[in-house]
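Written out below as structure tokens is the structure these notes cover.
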Amino acid sequence: MKKLINDPERLVAESLEGFALAHHDLVEVHLAPDYVVRRGAPVGDKVALLSGGGSGHEPLHAGYVGRGMLDGACPGPVFTSPTPDQILACTRRVDGGRGVVHVVKNYTGDVMNFEIAAELAGAEGIRVEPVVIDDDVAVQDSTYTAGRRGVGATVLAERLAGARAEEGGSLEEVAGIVRRVNAEARSMGMALTSCVVPSAGRPTFDLGPEEMEVGIGIHGEPGRRRLPLEPADRIVDMLMDPVLDDLPFRSGDRVLVLCNGMGGTPLIELYVVMRAVGRVLSDRGMGLALSLVGNHITSLEMAGCSVTLLRLDPELERLWDAPLHTPALRWGV
Amino acid sequence: MKKLINDPERLVAESLEGFALAHHDLVEVHLAPDYVVRRGAPVGDKVALLSGGGSGHEPLHAGYVGRGMLDGACPGPVFTSPTPDQILACTRRVDGGRGVVHVVKNYTGDVMNFEIAAELAGAEGIRVEPVVIDDDVAVQDSTYTAGRRGVGATVLAERLAGARAEEGGSLEEVAGIVRRVNAEARSMGMALTSCVVPSAGRPTFDLGPEEMEVGIGIHGEPGRRRLPLEPADRIVDMLMDPVLDDLPFRSGDRVLVLCNGMGGTPLIELYVVMRAVGRVLSDRGMGLALSLVGNHITSLEMAGCSVTLLRLDPELERLWDAPLHTPALRWGV
Amino acid sequence: MADTLDAAALARWVGLCADRLEARSAELSQLDAAIGDGDHGANMARGFRAVRERVLAEPGAPDQLLKDTGMTLLSTVGGASGPLFGTLFMRMAGALAGATEVDLALLIRALGEGVEGVRRRGRAEAGDKTMLDALLPALESLRADGERGAALGPALQAAARAAEEGCRATIPMVASRGRASYLGERSLGHQDPGATSAAAVIAALAAVAA
Amino acid sequence: MADTLDAAALARWVGLCADRLEARSAELSQLDAAIGDGDHGANMARGFRAVRERVLAEPGAPDQLLKDTGMTLLSTVGGASGPLFGTLFMRMAGALAGATEVDLALLIRALGEGVEGVRRRGRAEAGDKTMLDALLPALESLRADGERGAALGPALQAAARAAEEGCRATIPMVASRGRASYLGERSLGHQDPGATSAAAVIAALAAVAA
């Protein structure tokens, strides 16, 4: 296992310490229980937005704590959801009296741990509104599964709902933006290589030198299909077709594109993916209004990418451009 | 070779096309010869800042074109310097009459190609001021080598001199900032894995599962020493000692830290590196004033990191915070 | 062989769970690697190590002991199994409120509450290839024995066998809850890790009652 | 066997350079992989492919031909070898201004200018393990033969042998210019790629004069 770490057991805590050092102007980091909040939380007279999940997806979630996005983030161990006490402590810390929206990626563990935390917070008189994100079209049949997974739409929901909270939206309005983003966004991902969970020390799955895994999630879990490697343009077609057909997106739609790297794929390749996405959109008569290219929701050092499309409306477009200031994304301030 | 590409020969051009699509609000991309300039270049009544080099180091340089940083960037083929005609065309395009500073990383090819371009531009009446960056302390003996390589300080010089140009600095002043950054910054890097140059199709060097290469550059060239893998804290000591001793940095210095990923190392690990750097600085009585953690000057998908320290003064600190708006870095606007 | 379990016996149960799950951590993670994300053993070991340190050092009355165990699992295991095993123990604790001795009837009530809590929390049913496929058969076996007026010890031996069989029965199932469900048909042929640890928990109870 | 080279012969030279360097592209990149970044063969092949398309389709007079060749190399090869081979051909072109036939004396003058240009551009000297270690011996050999009044053909055969020997002599050198210099002692024992292609360029000239 080739990693810049000291000890798998201390990885998350040490990484949070480095994060605190680099971003002390923006965030406060609490250890044991682990959570990250905006400096001076609770901030202002606003609804708070909180998310969390296993570590290994950086910059998600802690990198998105700051003005115009999250008020708090709860990182669990690598690929393992945070615990209710962690989420509860963070919820108490960010609540300014107007309630807290929990953005939860749809994984059994995340959903249950957030659910218990919300019950405990509710018992303490904190209003919590949980919203589950499940945008991954790779999981096809939701009656016989735990349901679609939450992937790229999480980033978009956190940003857009964070902007709505910042401008004074109510608990219902902020949660409503998360729900709208989840309803209007679809994603699909693929891997060229597996990742190595530090505590396991070896690749989660094995891929041959000429193979790729299509339909992966973000926890190194294998996907739906193992296929021979193809050129980038063909791979993008394989991701875009199910994404476009599912919502479905239609000619004339204006969309935001997230071309996301899984962690080990260099930017030069992500822009090749972006080019291919742009060609598909223009072939379908769709408008590319906004784009985000880079490592935004990752699986440790996995090589690969995911594509998320969000159908925009004027309110979402306006919210996207609102001032944003987090360790990982920043504009307008 | 597992890459999200269509054809090694078309990689740079296709990646630039995707880049143009994603960032058309900020930049204009010209193909054949390949260069990237700020939208509407030449911009305002200012000195222009231009850089370039082989591709494969993204976001360097094209990702740094924009307000407060570069006016133009010339990407060569992967790890191969751009050609004089490319640099000349870009120089013409960005010159607004107050001259053009060329930021050149110290590699034989880059230096000669930029030199010829500067001669040609000079013959056309364009004032060009070239500055060479050579901050890599891994290259020890500069009398018997092509000299130290330009690495992490390039990013810092481009940002700080770009800010100086934006506020109206003269050709000499802007070039002076580049020289000052180069004089006050030192870097060293290491690799956990090699990268794969697309046209070669296989790793540039072979590292065993328990080996690392210390003192690497950014072109997949092997470094000075091959050593057994160590914990992150020990690796950071190996990078920091020569960096600190070389300038030398002293107790009481305020520094900017660039914790740079080589492309394939996930952010969770870079923050572990950041933590270790912070510990070394505080042990030495130095002040961590500014930090930048992420993939800023990379070697394709190489796993590894480099650390750059820049000794700050009040002017450099002020320039760092000035408004910046590029595809890869943005703040204050 | 007593016909009730007192606080000391229940503490031995929890301790035995910790011993056995820590010892089988690699095996449980291996099972999880095949159809999940390979952390189930580590999760359970982390949780029960914390239980040993925080709860078993000074175990309280039956209800307090199981509540503390549940809370500790809840706050240290994470993932899917943390809330589920946490709920199992906490709901059992609720049913034992005030009791100092637990007879078969009370144990059936408590386990019934616990398993119902797991079912509700996870929204899973029998046959979904989860820990419920070990817990439900154990509970049914206990209930049948309880109606027949069986003694505590033999009833728990039978329940342990039922849990073990239920656990093996997950092998030919296609998962429809939890991470394994993403694999669809690919989850066939693998034993469910959570069912395996649930069966170990029941077996440990049988062992202290033997 | 003519005692001068005309425009057609020089065009054959450039064409032969293209043929041979393209054919040896993999070998040259291999040499560069050992002590550089593994692209020298690709760089030269890219450049001479462009020369074939843009220059050899309609080759001009000697000076124009070599100037176009140099400019094309300059704008397509990149890296270290682009400016150096570009300079070599462009400086040679300067010395040939107006000439239609090139005799040995003029060739020596032109090559001397070209090699001097390479030396200045690269700030390298003999023994630095670069293309100069093939070019300088070739030039010396030509000059000696020129003074002895040798014929063009045999003088170029001798120069090609000198270049080849100079190229082999780079093997035991430690590089002190270019990318290979970063390796220090590790560059020992490898033949310099740029010297190899420079020797091929001289050999091609000898071949058209034979």
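Per-chain residue numbering starts at 1, and chain names A, B, C and D are given in the order in which the chains are listed.
Following the convention adopted for this analysis, a residue touches a chain if its C-beta (ideal position, glycine included) is under 8 Å from a C-beta of that chain, and two chains touch if they have at least 3 such contacts.
This structure is a prediction, so every number in the text was calculated from the model and none was measured.
Once chain A is excluded from the assembly, the chains that remain, linked only through touching, form the groups B, D | C. Per-chain CA centroids place chain C at a distance of 79 Å from chain D.
Between the Cα centres of chain A and chain C there is a gap of 33 Å. Computed from the mean C-alpha positions, the centre of chain A lies at a distance of 56 Å from the centre of chain D. Looking at chain B, one finds that none of its residues touch two or more other chains. Here the chains touching each other pair up as A-B, A-C, B-D.
By the touch criterion stated above, chain D contacts chain B in their complex at residues 29, 33, 36-39, 42-43, 46, 74-84, 86, 121-122, 174, 176-179, 181-184, 186.
Chain B contributes residues 33, 54, 76-77, 79-86, 107-109, 112-113, 115-116, 139, 141, 144-146, 149, 197, 199-200, 204, 217, 219-222, 224 to its touches with chain D in the complex.
Chain A makes touch with chain B in their complex at residues 2-7, 11-12, 14-19, 21-22, 55-56, 58-59, 63, 78, 192-193, 209, 212, 229, 231-233, 235, 259, 263-276, 278, 288, 291, 293, 295, 298, 300-301, 303-305, 330-333.
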